[in-house]
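One chain, chain A, appears in both complexes that follow, with chain B as partner in the first and chain C in the second.
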Partner chain A sequence: MGMPLREHPAARPSPPAPAGPAARRARGGPRLRARLVRAGFVAPVVVYVLAFFAYPLARNVVLSFQDYGIESVYTGDAPFNGLANYARVLHDAVFRTAAANTVVFVVASLLFQFVIGLALAVFFQGSFPLGGLLRSLLLVPWLLPLVVSGTVFRWMLDTGNGVVNQVLLAAHVIGAPVPWLNSVDTAMIGVLLCNVWIGVPFNMVILYGGLRSIPRGLYEAAELDGAGALRRFRHITLPLLRPVITVVLTLGLIYTIKVFDVIWVLTKGGPANATQTVTTYAYQLSFGGLSEFGAGAAAGNVLIVVAMVFAFLYLRSLRSETP
Partner chain B sequence: MTRPAEGRRSRGRTVIGAVLVAVMLFPLYWMVNASFQTNAQIAARSPSWLPLGGTLAGYRDALAAQGGHLLTSLLVATAATALTLLVAAPAAFGLTLLRVPGGRPLLFVLLIVQLIPGIVLANALYRIFSPLGLLGTPMALILSDSTLSVPFAVLILRAFMVSIPRELIEAAGIDGAGPVRAFLTIVLPVSRNALITAGLFAFLFAWGDFLFATSLNLGAPRWTPITVGLYDFIGAGTNTTSWNAVMATAVLASLPVAALLVIAQRYVAAGLSAGAVKD
Partner chain C sequence: MTNGPGRPRARMAAGAAALVISPFLLGACGGTPAETATASGTGPVTLTAMDYYNTEPALSALPKLLDTCGAQAGVKIERQVVPDLRTKLLQLAGGHAIPDLVLLDNPDLQQLAATGALADLGAAGLKTDGFYDNIVAAGRYEGRLYGLAPGVNALALFYDKKLFASAGLKPPTTWDELKAAATKLTDGTKRHGLGFAVPATEEGSFQFEAFFLSAGADLATLNSPEAVSALGLLSDLVTSGAAPKDVLSWTQANVEEQFANGGLAMMVNGPWQIPQLVKAGVTGFGIVPMPVPEAGGTPSSPLGGEVWAAGNNGPKAVKAAAVIKCLTSTENSLTWSKLTNYVPSGKEAAARLGASDPRMKTFVDLIAGAKGRTAELGAKYPAYSQALWTAVQSALSGQNPPKAALDAAQRQAAG
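Here is the complex of A and B:
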C-alpha cells in the first residue's frame, strides 16, 4: 500500500564520514539505552512465560507423542510412537467414562453455582444494615484451600458419623445411612455438592458487580409503567446482565474443567470411576504409579483443546458485545 | 410515612441475609465444632451441635503431626508471593506507563495461559524438573505455585497502573535511568493497594495448592505443605476415627485465609472482580 521505502541516493543528505564511536553513542546511544531500560521491565515476565508456560506446553506436546513408561524413568529412553498415546487414551473405556463425567460435573456445577449465585446477588443488591459485611462473609468458601473444603465435606458426608446422614435419619427422610461418597449412585452428588458450595461466592460477587452497574433509573421507569418485579427482572436485568453472565459462565467453565483437588480429596475419582474426570484420569496416568507420562500428556492435551475452544468462543462473544 | 415500614423491611432483609450466610457457612462451623470434640462425641450416633465439654486434643495431635507442614507452606507461599511481585510489578509498569511495544500481544498471552489446566503443567514440569534435581525441593513448589499467580498479578497491577496519570512519571523524567527511579520512588508507593491485592492472592493460591505439591513432591516427605499433610491425614485410613485432629488441621490450614480476610477484606472483592472482568 505505502510507497516502498527506498532511499534515493540524491535525497540523502550527504553524511559525514562514518562517525566515530563517540559520535554514534551520542546519536543512537541514549535512545537505545532508554529502549533497553524500558524493555528490561518487561523482560522478566517474557522470560517467565517462555520458561513456565510455553516450554512446558511444548514439552507436553512432545511427550504426548512419546512412549514414556515406567522403564523410561530409569533408562531415560522414550521412543516416539506417533499417535499411539492418543489412540490408547481415546479407546480407553475409563477415558470415555471420565469424559462423560466431566460433562455432567461441569454442567451441573455451573447450573447450580450460577442460579444460587444470581439469587444471592439479587438479594444483596438492595442495601440494608450489615449487607456489606454479610456479603463479604459469603466469600470465605471461595478463598479456603480446596483441600480444606473437600475434607470438611468428607466429614459431613461420612456414612456413619456425618451430619448429613444424621440429620436426614432424624427427620426420617432416609431409612438407612446413605454411603454418599462410597456408592456409585451418589458419589457424583457428593462431589457436586462440595464444588457448588465453593463456586457460589465467585458467581455471586461477579453478578453482584454486574447488577450494580445497571442504572437504577431504568427500574424506576419500568415500575412507573406498571412492570412487576418478574417482568423487570426478565426485561431489564437479564438482558443488561448478559455480558457479565457470559464472563461468569465462561470463567466458571474454564475453572471447573480443571478441578482436581475437590474430587481427589473426596473420592479419588472413585468408586469404580463414578467421579473420574479427564483431569483426575490424566493425573492417574502420570502419577498413579505407572508413570505413563506420554498418555497423561495426551489426556491433558485433550483437556487444553476443549478449554481453548471455549476460550475462543468467549473472546468472540466479548468482541461482539463491546462496540 | 413509609419510613417505619421500610426500616422494618430492611431489618427483615438483614435477618434473612444472616440466615443465608449461616447456611452457607455451616460447613465451616462444622469444621471448627468437630475440631474441639472428643473422640467419643465424634463417634456418637447423634451430632453434638456445640463443642461443649470439648478438648484441645485434636489441636495437640494436629500440631504434632502438621507443625512442620505449616512451616513449609509458609515458606513456599511467601517465596512464591515474592517471586510473583518481582516479576509482575515491573511488567505492569512496562505495559502501562512505559508503553513497551508488543504490550497487547503479551497481555493476550497472559490471559490465555491462565486457561492451561494445572495437570498439564504438573505433567510437563515433573519431566522438566526431574533432570534439574528440583523434584522434592521447596524450589519446585515455589516455581510451580508462582504459575498460578504471575499472569493474574500482572493483569491486576496493570488494571491499576493504567489509571496513574502519566504526568506523574513525566515529571520525574522518563529517559535514561529515569524509569527505574520513577518506578521505585513513585509507581510502587502509589500502587500499594494493588500490590497488596496481588500479593494477597499470590499467597492464597500458593498456600492452597495441592496439585503441584502432590505431583512434583510426590513421595518427598521432607517438604510437604499443609494441603498434602491434611490429605495424607484422611487419605491414610478409609475409616478415620481421629476426625477431631483432621478438622483441627483443616482449621489451621484455613487460618491464613481468615487472617488475610480480616486484615485486607476490602482488597479481596476488588481483586476478585478485577481478575475476572478484564477489558
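Here is the complex of A and C:
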C-alpha cells in the first residue's frame, strides 16, 4: 500500500519550489505526511495484533510459570514456580488420556474429512442437473453454529430415542441400541461423526477449487494416451493438487486440534474422560471449578506449541512452492 | 427455570475464547459493574447486583424484590443479569470490581470467598437466627458467614402415580424396593424404570450425591463402603437396563423431559422442575424422599440453590448486608421460593410453604437432612466433585467397577 506512494511521481510536488526554509518544509511535509499515512494504515493492525494476540499469548506464557490459584485472582499474588505447572500437567493421568484422545480425534477427523471431501469434490467435477444446488447445500454444515450442530447430533445419537439407533435397528444392522455417547468405547466415534460432518464442506470447497484449476487439456491428453480414470487421478490430479492438499490438511489440523464446542456440547469430555481432549481439559483446569489457572495455561501452551509447529511447516511449504 | 447446581450451558459459552486468556486480562477489558455511589449527601447510595436468572418469572420478579429491599435499606440497586456468572465474577475479582450484591450458585461461594473478594456478612451485621443450620453452614467459609440463601432446593424421587397403581406398587423407600420397582416398570427401550442425570459436570456430582448422602457416605471420603454401595446401586440399575445408559449425558432438564414424555417411570429431580411438568400437562406424579439402603435410614440430598453474597467493598457491604437481611426475611424468601419453586431457608417461612403446598411438603421435610456440598470441604469441593463425577461415569460406562473407580477418585481428589 505504501509502495506506490513512494514510487509514484504524482506524489511529489510538481512545480519547482522556491528556495528557502519554507521550501524545505514544503518538500519535507508531503514526504512526512506520506510516511504518516503509511504508518496510519499499518497502525490498526499492529495495535490489534499486540492487544488481542501478542498480549494474551505472552500473558498465558507467563501464567503457565506461576502458581495461579483461586486466591491469586483477587490479590494478584502468584509466585513463580518454574516448570511445576508443566510437570503437574505432564504427570497427570487425565492429561495423558486427553493427549492420546487429542491425537486420535485429530488424525481420524482429518483422515475422514479429507477423504470424504476429496471424493465429493471429484464427484462434483462432473456436470449434472442440480449439481450446483447440491454443492451449495453441502455447505450448510459449515454455516451452522457449532453449538447447533452439536445439539442436533446429541439428539440424533441418543441411545433410546435417537434417530441413528432407530434407523440402524430398523435396518437390522444392530441388534440392540448403541450407547453412542454413553460408552467409553463408542463416545469418541460419536464425537468424530459430528466433527467429520462439520469439516467435510471445508475440505470439499477448497479441494473443488483446486481441482478446477487443473488444466482440462492434461486429462484429455492422458486420455488419448490411454490412461484410465485411476491413473489420471494418481498421476495428474494428486500431484497437481498437492499444494492445495497441504493447505487443507494444515488448516484442518489447526482447526481440529482446538475444537472445543463440539465436544463440550456432546459429552463434556465424558464418559469418564473418554472424549476429554487437551482443549477441554485445559478449560476444566482453569474454569471448570478447579481454578488451577497456571496448570490450565500450561496445558493450553502445549497445544499452542503443537499448532505453531504445524503452522511453521505450512508456511515453509508455501515458500518452497512459490518460484 | 435454571437447573439447581452448576450451569454447564452458561459456562460453555465463554469456554473456547477464554481458554488461553488469563482471567486477569478479561478482568481488565470486561466491563466493570456500573460505577458506584453518588457521593453521600447528594442522593441515595447505589449498589450493583448480579445474578444469572435470565428466564421468567424470576427475570422480572427479582428486580421488584431488589427495589423493595433497596428502599427498605435506603439504597438504589442496579441489577445486571450475567449468564456465565462464575467466570464473570472471577474476572471482576481480578479487577477488584466485584458487585456489591451477588446471587450465585452455592458450591461456587467458598471459592469466591477464598479469593477475598467477598465481605464477611456476620461482621456487616447479618444475623442467622431462625435459619436451618445446614443452610447457614453452606454459606460459611473458614468460620465466617459469606453468603445466605433466600431459598434452597434438594433432590427427591418423582414417580408416575398411574404406572405405580396399575402395577400394584407403592413408591419405594429402600434400595431393594427401588430396584424392584424400576425393573418391573421398565418396558424394553420404550420406558425405563428410573432416570437421573450424571453428566461430566457438577450436575452429575449433585445428582449422584443424593444417593451417596442417603447411603450415609461422607464427601471427604469418596471411597467409603457406603459410597461404593451407592455407586453399586446405580451401576446395577444401568447394567440391568432399568435405568438408561443415556443418564451419562443427560442433564436434569433432559431427565424431566423424558419423565414428562412417559419415557421414565421414576426420576431423581428437584422442585424447580414442577412448573415444567405442570406446563407439559403432567399432573399425575408423586414425590417421595430419596430411598435409603435399608428401612429406617435417613434420606438425604445435597443442598442446591443460590446464595446472596456481598462484595468486599468497604462501607457498602454494610448496606448490602441490610439488603440481604431483607431479601431473606420470612415474607421475601417466601415470595422468592414460590417464584423459583424452592424451599425458604428460614424455618418459619419453610413451614408456611409446606402447609400451603402439598407438592413442596416433601422437599420442605427434606431440607433439615440435606447437606451443603461445601460445608466440610470448603474451597476444595470442586476438586472432589470432579473426581466424583469421573468415578460415576467410569463405573456406569463399565470402565471400572465401583470400588476401583471411587478409589481412583479419592486418590485424585486428595492427591
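The criterion applied here is as follows: the second predicted complex is superposed on the first by the 297 of 323 C-alpha atoms of A that agree within 3 Å, B and C clash if a C-alpha of one lies under 4 Å from a C-alpha of the other, contacts with A are read in each partner's own complex, and residues count from 1 in each chain.
We take it that a residue touches a chain if its C-beta (ideal position, glycine included) is under 8 Å from a C-beta of that chain, and two chains touch if they have at least 3 such contacts.
Predicted model only: the values in this text are computed from it and were never measured.
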Chain A superposed: clash or fit between chain B and chain C? clash
Looking at the overlay, what does A:273 touch: chain B (first), chain C (second), both, or neither? second
Check whether A:161 is in contact with chain B, with chain C, with both or with neither, and answer first, second, both or neither. both
Can A:284 be said to touch chain B (first), chain C (second), both, or neither? second
Of the two partner chains, chain B (first) and chain C (second), which one does A:112 touch, if any: first, second, both, or neither? neither
Classify the contacts of A:86 with the two partner chains as first (chain B alone), second (chain C alone), both, or neither. neither
Have a look at where A:120 lands relative to chain B and chain C in the superposition and call it first, second, both or neither. first
Touch test for A:70: chain B only (first), chain C only (second), both, or neither? second
In the superposed arrangement, does A:130 touch chain B (first), chain C (second), both or neither? first
Could you say whether A:148 touches chain B, chain C, both of them, or neither, answering first, second, both or neither? first
Chain A contact check, chain B vs chain C, more residues touched by chain B
Once the two complexes are overlaid on A, one stretch of chain B runs into chain C. Is it 1-9, 55-63, 145-153 or 217-225? 217-225
Could you pull out which residues of chain A sit against chain B in one structure and against chain C in the other? 55-57, 59-60, 63, 147, 154, 158, 160-161, 258, 260-261, 264-265, 279, 282-283, 286-287, 293, 296-297, 300-301, 304
With touch defined as at the start, can you tell me which chain C residues reach chain A in the complex? 6, 8, 11-12, 14-16, 18-25, 86-87, 90, 93-94, 96, 107-108, 111, 114-117, 189, 192, 199-202, 244-249, 263, 379, 382-383, 385-386, 389-391, 393-394, 396-400, 405, 412
For chain B, which residues count as touching chain A in their complex? 10-11, 13-14, 16-18, 20-21, 24-25, 27-28, 30-31, 34, 42-47, 86-88, 90-91, 93-95, 98, 100, 102-103, 106, 109-110, 112-128, 143-144, 146-147, 150-151, 154, 174-177, 179-180, 183, 204, 207-208, 210-211, 214-215, 218, 226-228, 230-231, 234-235, 239, 243, 246-247, 250, 253-254, 257-258, 260-261, 265, 268-269, 272-273, 276-277
Contacts from chain A onto chain B in the complex sit at residues 30, 33-34, 37-42, 44-46, 48-49, 52-53, 55-57, 59-60, 63, 120, 123-124, 126-131, 134, 136-149, 151-156, 158, 160-161, 163, 166-167, 170, 197, 200, 202, 205-206, 209, 244, 247-248, 251, 254, 257-258, 260-261, 264-265, 279, 282-283, 286-287, 293, 296-297, 300-301, 303-304, 307-308, 311
Mind listing the chain A positions that touch chain C in their complex? 55-57, 59-60, 63, 68, 70-71, 73-76, 93-94, 147, 154, 158-161, 177, 179, 181-184, 258, 260-261, 264-274, 279, 282-284, 286-291, 293, 296-297, 300-301, 304
